[in-house]
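The following pair of complexes shares a single chain, chain A, combined with chain B in the former and chain C in the latter.
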Partner chain A sequence: MNGKIRLAEGGGGEATASLIRELFWSRFRHPQLLRGNDAAVLEHAGGRLALTTDAFVVTPWRFPGGDIGRLAIAGTVNDLTMMGAAALGLTAAFIIEEGFDKSDLEQIAASMAAAAAEAGVDLVAGDTKVVRKGEADGIFITTTGVGTIAPGVRLGGELARPGDRVLVTGTLGDHGAAILLAREELGLSGALQSDVAPLNRLLLPLVGEYPGAIRVLRDPTRGGLATTLNEIARQSGVAIRLREAAIPVRPEVRGLTELLGLDPLYLANEGKALLVVAPEAADAILAALRRQPRGSRAAEVGEVLAGNAGLVSLVTASGGERIIPLGSGEQLPRIC
Partner chain B sequence: MPQPFERWRLTVSGLVQGVGFRPFLFNLARGLELTGWVRNNFAGVEIEIQGAPTALARFSAALRERPPAAAQIDGVERETIPPLPGEDDFTIIPSQSGRLPGSPLPDQGICPDCAAEFFDPANRRYHHPFNSCTLCGPRFTIMEALPFDRSRTAMEPFPLCPDCQTEYTSPADRRFHAQTIACPQCGPKLWFRDAQGRPGADDPAGAARRILKAGGILAVKGIGGYHLACDARNAAAVDRLRRLKGRDNRAFAVMFRDPEAIAAVCRVTAEEAALLAGPVRPIVLLLQREGGTLAPGVNPGLRELGAFLPYTGIQLLLFEDELTALVMTSGNRSGEPLSIGDEEARRDLGPMADGFLGHDRRIRWRCDDSVLRWQAGRTIGIRRSRGLTPAPVRLERKLPPLLACGAQQKNVFALTQDERVYLGPHQGDLDNAASFLAYRETIAAMQRLLHCQPEWAVHDLHPDYNSTRYARESGLPLLGVQHHLAHIAAVIAAERLDGPVLGVAFDGSGYGPDGAVWGGEFFIGSGCAWRRVGQLEYYPLPGGEAAVREPWRMTAAYLNANAPALLEEWLEARELGKSWPLLRQAVRAGINAPPTSSVGRWFDGVAALLGGPARAGYEGEAAVWLENQADPAAEDRFELPFRLAGDGFRIDPGALAAALARERHRLGPAALSMKFHRTVAALIREAARWARREAGIDRVVLSGGVFQNRLLLDLTLAELETEGFRVAVPQWVPINDGGIALGQAWLGGLMIERGVDDVLGGAR
Partner chain C sequence: MNGKIRLAEGGGGEATASLIRELFWSRFRHPQLLRGNDAAVLEHAGGRLALTTDAFVVTPWRFPGGDIGRLAIAGTVNDLTMMGAAALGLTAAFIIEEGFDKSDLEQIAASMAAAAAEAGVDLVAGDTKVVRKGEADGIFITTTGVGTIAPGVRLGGELARPGDRVLVTGTLGDHGAAILLAREELGLSGALQSDVAPLNRLLLPLVGEYPGAIRVLRDPTRGGLATTLNEIARQSGVAIRLREAAIPVRPEVRGLTELLGLDPLYLANEGKALLVVAPEAADAILAALRRQPRGSRAAEVGEVLAGNAGLVSLVTASGGERIIPLGSGEQLPRIC
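Up next, the complex of A and B:
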């Protein structure tokens, strides 16, 4: 492969997908990896385990609503949750830049401990490396999680079927918008809070209660709801149609994204999940979500359709139906 | 002593099938007492003709000089062959079963003879909505397959009655071998349904007219799809249609009963009159007279009106008494593809229409009305569809078989076959899901119809155009062509230019290989070798696409860099002061504020500065406002913000915006808009002088959506032509993104042949 890595190849869009396909999937061919789900499901004599890993590189490391420590715990707990797995334990690896404040590190550790307690999971192993100034940007954290999947639970992006409904557990774009404001010192900081939170307590009981009816669970992190739905539509060979009016977005987020010309559907979330559920169970699951504080703004936002495999679209407020593509990561205007 | 007989074989190529060419030759030959035969073959028409040499010469001359109106003869080859003794008649013989079907013909507007019958109470086709002949009627839009034969069209379910059959088989009849003819006995039937979809009315057309007269909205099935119609003089009806359709401020086109009705509302030159009445029957953009009687909501605030004439008997039936001008807008919800099926029309247009006038003939191909303008002695292409699709654009050389995927908006795709480029019908904006699905289907269907098997997909460089995505998913080898070079290449292809040119692409936005948003570009080159010699200076595009919807953002970007104090004052006055500080931060931080050299955005920014809309309902609305403000009598222009840079030049749009801001209180928008237009035209002249001086070039190509601005194009043509530059614009192919596919085909084809993958020489 020629050329240099471009930033867009880490953006979570088409460029990232093709980098992973061409560079990694061509060499690591385990069927679990190639499924492209949030965690791998490994079978062993005693049942099934879910295994996942994630690297966190957020700048700034502290932002309204959370910090990199909370993010590192919630992110991995959520990736296990999305496979219906209850965490057995987490590991964390730290790469710290020379000169990083110890008091900041302490704050990050405390925040990790608090998030782990909130989720009811334990950090069971770790690793710490310090690199020279300039070789990292403050602090990077990688967390790995392993969890057990109860018998009968089967979730995956390839399981959506025509007729299914798409639910989200709350407002979209909060994390992405908060980070944007915090990172670029755009004034307004504090007006927007990241939603970063572990979702296992919200979702695992539902997975147990509606086996089979919940087909797909995903956390729409990098690339947002749009990217995640495109992945699901491709994995399942279906079309997905959203209704703009039904999608919950906070007015502050809406205002910011309109001003900056961004689309909340493509902004990252760190405390939200999307569910693809059987139509007959959709109302009950939505009601159950809404009874929880973390799901109070849950909504049904769209449906799964047959035909036009891979097509995700949005019925706008004015009634038109717009394609919601997997972005290239470049974000340049397409209006001539 | 009589002259010895000679026998000639003539091979005529071009659009000569389905236009009444063979009956024309038959009558010509009989009139000159010549013998022989004619038949269709894969290239066109093949003739063997025998008789006295003087008569043969007259035959051959007449064939070239006065063929049927819709025929387009590309070439006639002549060969002298031995005479056939004993031949005593001229006949039409069956088509040669060739390897390729003849070129498919576009739809032809109803001809004068058929219209005369339509209005003649004594004629058996009086008020027959489907009247047609060898010269006129639907062609492409009813085609299932080629060659063009009734059995392979949507006329197949309507077998000819004995009277029509007689006409069909009489060589002297003008319906001889006409595939689409019908009469009230054997033809398709008109029907009427009310808003609830209930069939009814013995007189469907009468019921339809009652709706129009009462100020209602009628859905009418025409040739390439449904229209929504209402009385163009009824302000309430026009406003209601606009509201129900969810239509922004874009103008509606108006269909007039006859040329006199147009002349009462618009100024019409002889050339425009000919365009309007010709077989293409396009919408022609005309200058409207002062104090016309149309509702202001038809084309709010505009000097131009898109006018056209009925092109089928169905439409002739809509007019009566005072009903002489109808808004005829495409039958769709705004942004969606035109409805062609009766069921989808009932579903999609039902909420808007008070009644439906339809018929039982299927529309096979969706085809919007074409749009043209007559300007400075040539047509300017705006939209190429019904009446022009799918007549190929013929190039000087063969191209490899390829699919040119087109742009994102106003999409048109192209397929190539030898030296022919077939442009598909207008597909609209591929952002829309239904349009994109129709695009995919239409490409596949056109490949089948034309027997095209593309081996390459040529696409825009923009990775997020849905046409580019389609290319990636096609599985074909890919080739990218830069958007603005495609704009220029389209003109080179359509006008068959050769030699180096100065290409001026003034456009909204297109993907630049340097990651910037291009749109004000000057190229010098030919073939596969191009150099970007000039451009607008880059300014940030605050919020990316949001800046297209909100023109004030560009004003802010220009003034922020050149006249911050004037910016503050202006923002206060327009009550935009709250939004800018945060946006300015975002621009500084590089959040979604790519650099742009777009001229479209320059017009937007200047428009907003002078009081135009802060929000644009459609792209270009602010620029259209600016053009319509201009007072042509205002003299003078600004100092040219033109400077030499490196081995080329730069134009500073921000400096000019600041100059305008400084004069804002002294001169009104009418004078300032005119000064601005004059300045932009003079900048192009300055660039052309540079190209002549530096590269000896005197041919200038103008393309890109900004040149839809009539005033700008008039001024630019005048500036260039007085200095002796030869100027080319796309005449029958859209000057906007509807022309991109042709440029992609031409330039992409060349690149494939020559194994070149970067025509800009890596110039960034």
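Up next, the complex of A and C:
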């Protein structure tokens, strides 16, 4: 490989996927790594474990609705949840720039503790490194989670089938829009907040209650719903068709994206999941989601089709249909 | 907490311990976190798991004897090994500065793959973030490992008993000295190389062969042998006395430390372990270590004493005795 690393290669879209394929998949040929899910599944004598890691570099580190500490806990809990895994323990490694305010660090630690309590998970190990002023931008946190997967649970991006329905647990684009607003100083203050939240208590009971009916669980973070659905369509070799009118987007998020020429489908979410479910269970699962506060705005937004493997499309409000490609749109660095 | 984060708070000594106590132990009261070992031990229905994480920020990222990739794999394998755990899987999260050379990144990935193959472990999940030029210094890698602990294995810094012997698996200070040399451009080129290496194949068989006789296994990384022994002396409520003449140090490391006024006992090691072992098994374990290439220079360097809980001392070549305190000496930022 020649050349220099570009910002887009960390954006979570096509450029990131290609970098990771070239750099890592060619050398680390573990089947779990190649599968491309949110967490790896490890079999051992005592059962199945899920293992996931994420580096959080969000800027600004504090934003409406949360901060990097809450994000680091929720993001890792959610990646475990998407594999149907209940967290056994989390770790956190901090890289802190010399001169960072200790009171801010305290606030981040308190926010992590509150998010961990909300999710009912434990932080069991950590590491702290300090680098000189100018060698990092404030604070970066890498969290890793290990969890147990109950016998019989099988979820994965490769399991969507024609006829399945696509559900989302709530409004889309809230995290990305909140970070944009916090960063750009557009003077558009208001109720717009990140949705960052752990989803294990909302989703794990459903995974147990509807064995086999939930095929795919994913949290559409970097790259948003569009990117995540493209990944699933490729992994499962199916097409996915969305109905624009059914997709819940807050008016303030819609307003911001129209102003900036962005598409909410590509904005990051940090407290939402998408589910691909068997058609016969779709209504019951949707109703169960809507009974929970974090799922009150859940909606069925599309369906899985045979043919055109890998294609994601959107039926617009006016009845036209357009392709939703991978990786265009969201080019925001350090959104999570 | 008031004030700003100082570099020393990432040095691995007293300042780091105090920061972590104030910031995290007060909020995350998990018993494993409070124990202060190299990895947390998690009990679940399927047995005991060890979980460990480390952020690697070493500069320069390439140094004689290794690079940040080899260090990230070896460091995590070794933390699992120190708990007697066989790795089930490793994760790696990359934070890369925009503009980093892709050919360098390839070299780091290749070096990680080689170290993983050497240790017989798998990288099963990862994450890649790119930050703008100037927002990080080259590349940071956080690795996490999960491993299984065989039934009956019990290791921990709190298990040293009076009468036990202290062994090291080889020469001390090689990693710290190599980084110093790589960084300072002292013109002292030569054979000095980091010892960075995975130790699982050297040590895990011994843990199985001498059940109960190995009380403590630790890798003396940041802060060196001195810091690690101080931690063990405190955790176990014992004193530890070293014999200077017995401690293996390469002449080129000794020369460099004398030149710079440093103490090899405080320099970081990345391919060495210290063992606290039952006196009746000490000779057999030492002989077994010496039969392996990575243990050929193993030595018995001291003993555990009752009384003076927490005190580490050194009997010098001239027969005097001096205290080896925690956290003085090593003040090198970004040594690992």
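Simple rule for what comes next: the second predicted complex is superposed on the first by the 324 of 336 C-alpha atoms of A that agree within 3 Å, B and C clash if a C-alpha of one lies under 4 Å from a C-alpha of the other, contacts with A are read in each partner's own complex, and residues count from 1 in each chain.
FYI, a contact is a pair of C-beta atoms (placed from the backbone, for glycine too) under 8 Å apart; a residue touches a chain by one contact, two chains touch by 3 or more.
In this text the structure is predicted, and so the values were computed from the model without any measurement.
Enquirer: A:163 contacts which: chain B (first), chain C (second), both, neither?
Expert: neither
Enquirer: Counting only touches as set out at the top, which of chain B and chain C does A:120 meet: first, second, both, neither?
Expert: Neither partner.
Enquirer: On the superposed three-chain arrangement, identify whether chain B or chain C touches more chain A residues.
Expert: When the residues of chain A touched by each partner are counted, C comes out ahead.
Enquirer: Let me test your reading of the model: by the given contact rule, A:212 touches which partner, first (chain B), second (chain C), both or neither?
Expert: neither
Enquirer: Output check: A:333 vs chain B and chain C. Expected answer is one of first, second, both, neither. What do you get?
Expert: In the superposition, A:333 contacts both chain B and chain C.
Enquirer: Under the stated touch criterion, which partner chain does A:101 make contact with: chain B (first), chain C (second), both, or neither?
Expert: The second partner, chain C, only.
Enquirer: Return first, second, both or neither, reflecting whether A:91 touches chain B, chain C, both chains, or no partner chain.
Expert: The second partner, chain C, only.
Enquirer: Across the two complexes, find the residues of chain A that touch chain B and also touch chain C.
Expert: On chain A, the residues that contact chain B in one structure and chain C in the other are 333-334.
Enquirer: Within the complex, which stretch of chain C touches chain A?
Expert: 1-11, 16, 19-20, 23-24, 27-28, 30, 32-33, 39-40, 42, 44-47, 49, 51-55, 57, 88-89, 91-103, 105-106, 109-110, 112-113, 116, 122-132, 134-137, 140, 142, 144, 146, 148, 333-334
Enquirer: For chain A, which residues are in contact with chain B within the complex?
Expert: 14, 180, 184-188, 258-262, 308, 311, 313, 318-323, 325, 327-328, 330-336
Enquirer: Would you tell me which residues of chain B are touching chain A in their complex?
Expert: Touch residues, chain B against chain A: 246, 333-336, 407-410, 430-434, 436-437, 462-466, 469, 483, 507-511, 515, 517, 541-548, 579, 581-583, 585-586, 589, 591-592, 594, 600, 619, 705, 736-737.
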